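Down below are the structures I want you to see.
Below, subunit A partners subunit B and then partners subunit C, in two separate complexes.
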Partner chain A sequence: MDNVPPDDTIICRCSDVTRAELRAWIAHGLTSMDELKRLTRITMGPCQGRTCRHLVMQELAAVTGQPLEELTPSSFRQPLKGITLGAVADWVAKEKQEKEV
Partner chain B sequence: MKQQAEVVIIGGGVVGCSIAYHLAQNGMKDVVLLERSYHASGSTGRCGAGVRQQWGTELNCRLAQGSCRDFETLREDLDYIADIEFKQGGYLLVAYTPQQVEQFKLNVALQNSLGIASRFCTPREAQEIVPHLNIEPLMAATFYHRDGHANPFHVTQAYADAAKRLGVEINLYTTVTAILTAKGKVTGVRTDQGDIACRVVVNAAGGQAKLIADMAGVEIPTISERHQILVTEPVDAFQGPMVMSFHHNTYCQQTPHGSFIMGLGDPREPQGQEIRSSWQFLKDMSDKITAMLPPLRNLRIVRQWAGLYHMTPDKSPILGSAPELEGFEMALGFSGHGFMISPMVARLMAAHILTLTHPDLDILQRLTVERFTRGDLIIEPSVV
Partner chain C sequence: MEQREIVVIGGGPAGLSAALQAAHSGARVTIIEGEKRLGGQLIKQTHMFFGSHKQHAGTRGIDIATLLENELRALPNVEIILGATVLGYYYEDGALTIEDHEAFRLMIPKRLIVASGASEKFLAFPNNDLPGVYGAGAVQTLMNVYGVKPAQRVLMIGAGNIGLIVSYQLLQAGVEVAAVLEAAPQISGYLVHASKILRLGVPILTRHSIKEALGKHTVEGAIIHRLDDRWQPVPHSEQQITCDTICLAVGLSPLCDLLWQAGCAMQYIAELGGYVALRDEGMQTSVPGIYVAGDAAGVEEASAAMVEGSLAGLSAALSLGYNSPADEELTAELRQQLDDLRAGPGGAKIRSGLEKLHPTADNPKEVT
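And then the complex of A and B:
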């Protein structure tokens, strides 16, 4: 996003999203975790949102005045922990082999 | 929320928002857009984010070509506050059977005749374009360097912001419950937030468009079907083009952000509104993509999701008026490629609704729903 004031407080360390950028998007009219996630990539990095999800929700609650417990968290998507394409492919190959035996 | 408007658009995805923008841009500012959730929460935000001009029908080629021109300057034209992450790294389409090779030759000839400078490649040439491509079983490929990627969330937001500045009223978290009609004409829209009187309704509801058409009693020959995608962690850029195979029903592209987005069309997928992810997809996708692009083995999958393709019998969209209900306009049935052609679709829909002239309006006239009763199908052979 353009014209975001400098801020060295990083909210999402996977995607380097600062608190100032997050607040700029909230000021732009985004009211939910899901919207913020899609426009800034927060919670979508390798940590799967483990680090930032709660920080983002706290920010959203603080800025918009919505109670934290009334905010809907963004979807939790599989896989719960990063896994390589190769590891899954090897699992598929092993299953095929076992079927043949 | 307004209680009256000239035009009500149903759907806050890229199609609805871009139509709203072009209507307002052409002077029609009394427009209300309704979205049951948030922008791009449906098919737009779940799509593969590709922008391709290498199509197999004249109409799709022209829609994609005009749209790509729009994407090239969209951020400046819409005066948007963020990057739309537009990238032109090309599309490499790969063929594995003699029939696919023949189809590709036809496609390239068609594309070239329309000014899309795609080219036919040998497997060796394909490997020069994507060095890590496994060309073992490959017979041929086609490449166009101006195809690419754009971020669907930002493109939608860009159109929505610009439409709003021109006076369009956008109501998120507002669900349509009925289309109001009298004597064969649209008279309004009922929502969970109240009624809006209007003479024109635009159905741009993506995967839910059939449900909206049903509310209006308008028949459309479409079905919704789940398609799934996964994305990896971001890494340094090493794959310029989208690699797409109609044989494996897969596509895979590295985004400007560094992540790889990949999807797979499963012919066993039943029709319906299911949008949960499956383990089967994770397995099929990993199996196929590591065979096709072996170095991707080392990338970590961080997320998978699913969305709906809204399919027509010929896999081309349905645009324009419903014959049985005056004032009911349609931009739906995009069959998995709505995002990439939305800029042009919006221009044509706005021209059609406002009865303006447009040099490409023949495209819309040939994509009306009447083509199915006439038997005049526009069969798109190149869909994943």
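And then the complex of A and C:
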């Protein structure tokens, strides 16, 4: 593990989560991606995990010794990209109108 | 709510080929692309393709995009939606939610072909959040799509084809390339691409990696180091490089978010870039009616993506009853094309990855 970069290295740059923070949570017993996601917001920022998911999985695998291929990635929730509530409300209103016609 | 026959997500080489084949078979096809034009990564590819003439070898990537687009636009049974992003798939009712120019849409397709491509992998090193640390693909977009010179002097991390090709294109754009680093003991991209930049005096340092980025507000340089046989840093091998941009070309991950949402059985295969969907020979996933093609099915290159797209388009159309006597022969020919593209030492990694992929029937997975 001597090639591990120092602890203040950013692993999730949407939410500024460092390696030290992740390791502290893993040491607390959070050894699944979903648990780490709920506590640190990894994979929940604008990139939706496209930048950090793989790095967090590598980190989890390195610390816990679980093989990478046996880790389950954190769940992939809709929407994959932000949309305004207004846009959804407009659609609902339009659908309602069409049903009435 | 809008009903559709076949929806193809992604207008890159795989999606374009899938839409074309399904439409030629007679199905009504809707193709959804997030960018304002079709082509995906092809529109950034100024180099000529290798491989077979069946996948347009000898033609530049950007010209292949135009060829496929023109062919698609000539068909009356094709609907093209540009600048729209699929937000999610809901397995309960098979619905897609879409953001189309800030408006919300809900679409229920009879068949879905996911050709969403891949995303660039990132690396963990100190100061990796400094402005000036980019994915190589992002830099290529800035140069080749937007005409922006992205840097004065670049350090490229990764000597696969993307790292090599983007380095060459940077040089063509008048950007200095300080060095290309490769953690492996040998260059992993094609030697024809490596030779082009070596001839222009750019060093390719194998068994080297980045230790940290330097700079206060933006990238001002980097510390690199040598790696030993066990990929560990060699003590006292550090060197300082001056650069204003660090480009990461360290691999791609298939973009499978929608396939996870659909409950497709997935498997982690490092050779294919990460998690990929199990599928049958016609590219149908473990969820009936959902197909996958191109980098979303496993990171490969554009020629294979086009053939996989055609296979997915053909089988999706067939499943809807659009058949012709020539289908069997065409299927066999497409499979042969894939085998040919994957033959030889260049395809070893893909072959080994695909061998590990479980057959769909063996691994049913509950929707979670």
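Here, the second predicted complex is superposed on the first by the 93 of 101 C-alpha atoms of A that agree within 3 Å, B and C clash if a C-alpha of one lies under 4 Å from a C-alpha of the other, contacts with A are read in each partner's own complex, and residues count from 1 in each chain.
Throughout what follows, a residue touches a chain if its C-beta (ideal position, glycine included) is under 8 Å from a C-beta of that chain, and two chains touch if they have at least 3 such contacts.
Everything numeric in this text was worked out from a predicted model, so none of it was measured.
Participant: If we overlay the two complexes on their shared chain A, which of subunit B and subunit C does A:Gly45 touch? Say first, second, both or neither.
Facilitator: So A:Gly45 only meets subunit B here.
Participant: Under the stated touch criterion, which partner chain does A:Val17 make contact with: subunit B (first), subunit C (second), both, or neither?
Facilitator: In the superposition, A:Val17 contacts neither subunit B nor subunit C.
Participant: Which partner does A:Met33 reach: the first (subunit B), the second (subunit C), both, or neither?
Facilitator: A:Met33 sits against neither subunit B nor subunit C.
Participant: After the superposition on A, what does A:Asp8 contact: first (subunit B), second (subunit C), both or neither?
Facilitator: After superposing on A, A:Asp8 lies in contact with subunit C but is clear of subunit B.
Participant: After superposition on the shared chain, which partner residues are touched by A:Ile83: those of subunit B (first), subunit C (second), both, or neither?
Facilitator: both
Participant: On the A-aligned overlay, A:Trp91 touches which partner chain: subunit B = first, subunit C = second, or both, or neither?
Facilitator: both
Participant: State whether A:Leu60 touches subunit B only (first), subunit C only (second), both chains, or neither.
Facilitator: So A:Leu60 meets neither subunit B nor subunit C here.
Participant: Is it subunit B or subunit C that touches the larger share of residues in subunit A?
Facilitator: Touching more of subunit A: C.
Participant: Once the two structures are superposed, pull the subunit A residues common to the subunit B and subunit C interfaces.
Facilitator: The answer is residues 2-3, 48, 75, 77-79, 83-84, 88, 91 of subunit A.
Participant: Can you name the residues of subunit C that touch subunit A in the complex?
Facilitator: Interface residues on the subunit C side: 1, 85-90, 97, 99, 102-106, 119, 121-126, 128-129, 211-212, 231-233, 253, 255, 257-258, 260-261, 267-270, 274-275, 368.
Participant: Per the contact definition, I'd like the list of subunit B residues that touch subunit A in the complex.
Facilitator: 38-41, 45, 81-82, 153-154, 157, 231-234, 257, 277, 279, 282-287, 289-291, 296-305
Participant: Which residues of subunit A touch subunit C once you look at their complex with the stated criterion?
Facilitator: 2-3, 5-6, 8-11, 13, 16, 19, 48, 50-55, 58-59, 68-71, 73, 75-81, 83-84, 87-88, 90-91, 95
Participant: Would you tell me which residues of subunit A are touching subunit B in their complex?
Facilitator: Residues 1-3, 28, 32, 34-35, 38-39, 41, 44-46, 48, 75, 77-79, 82-86, 88-89, 91-93.
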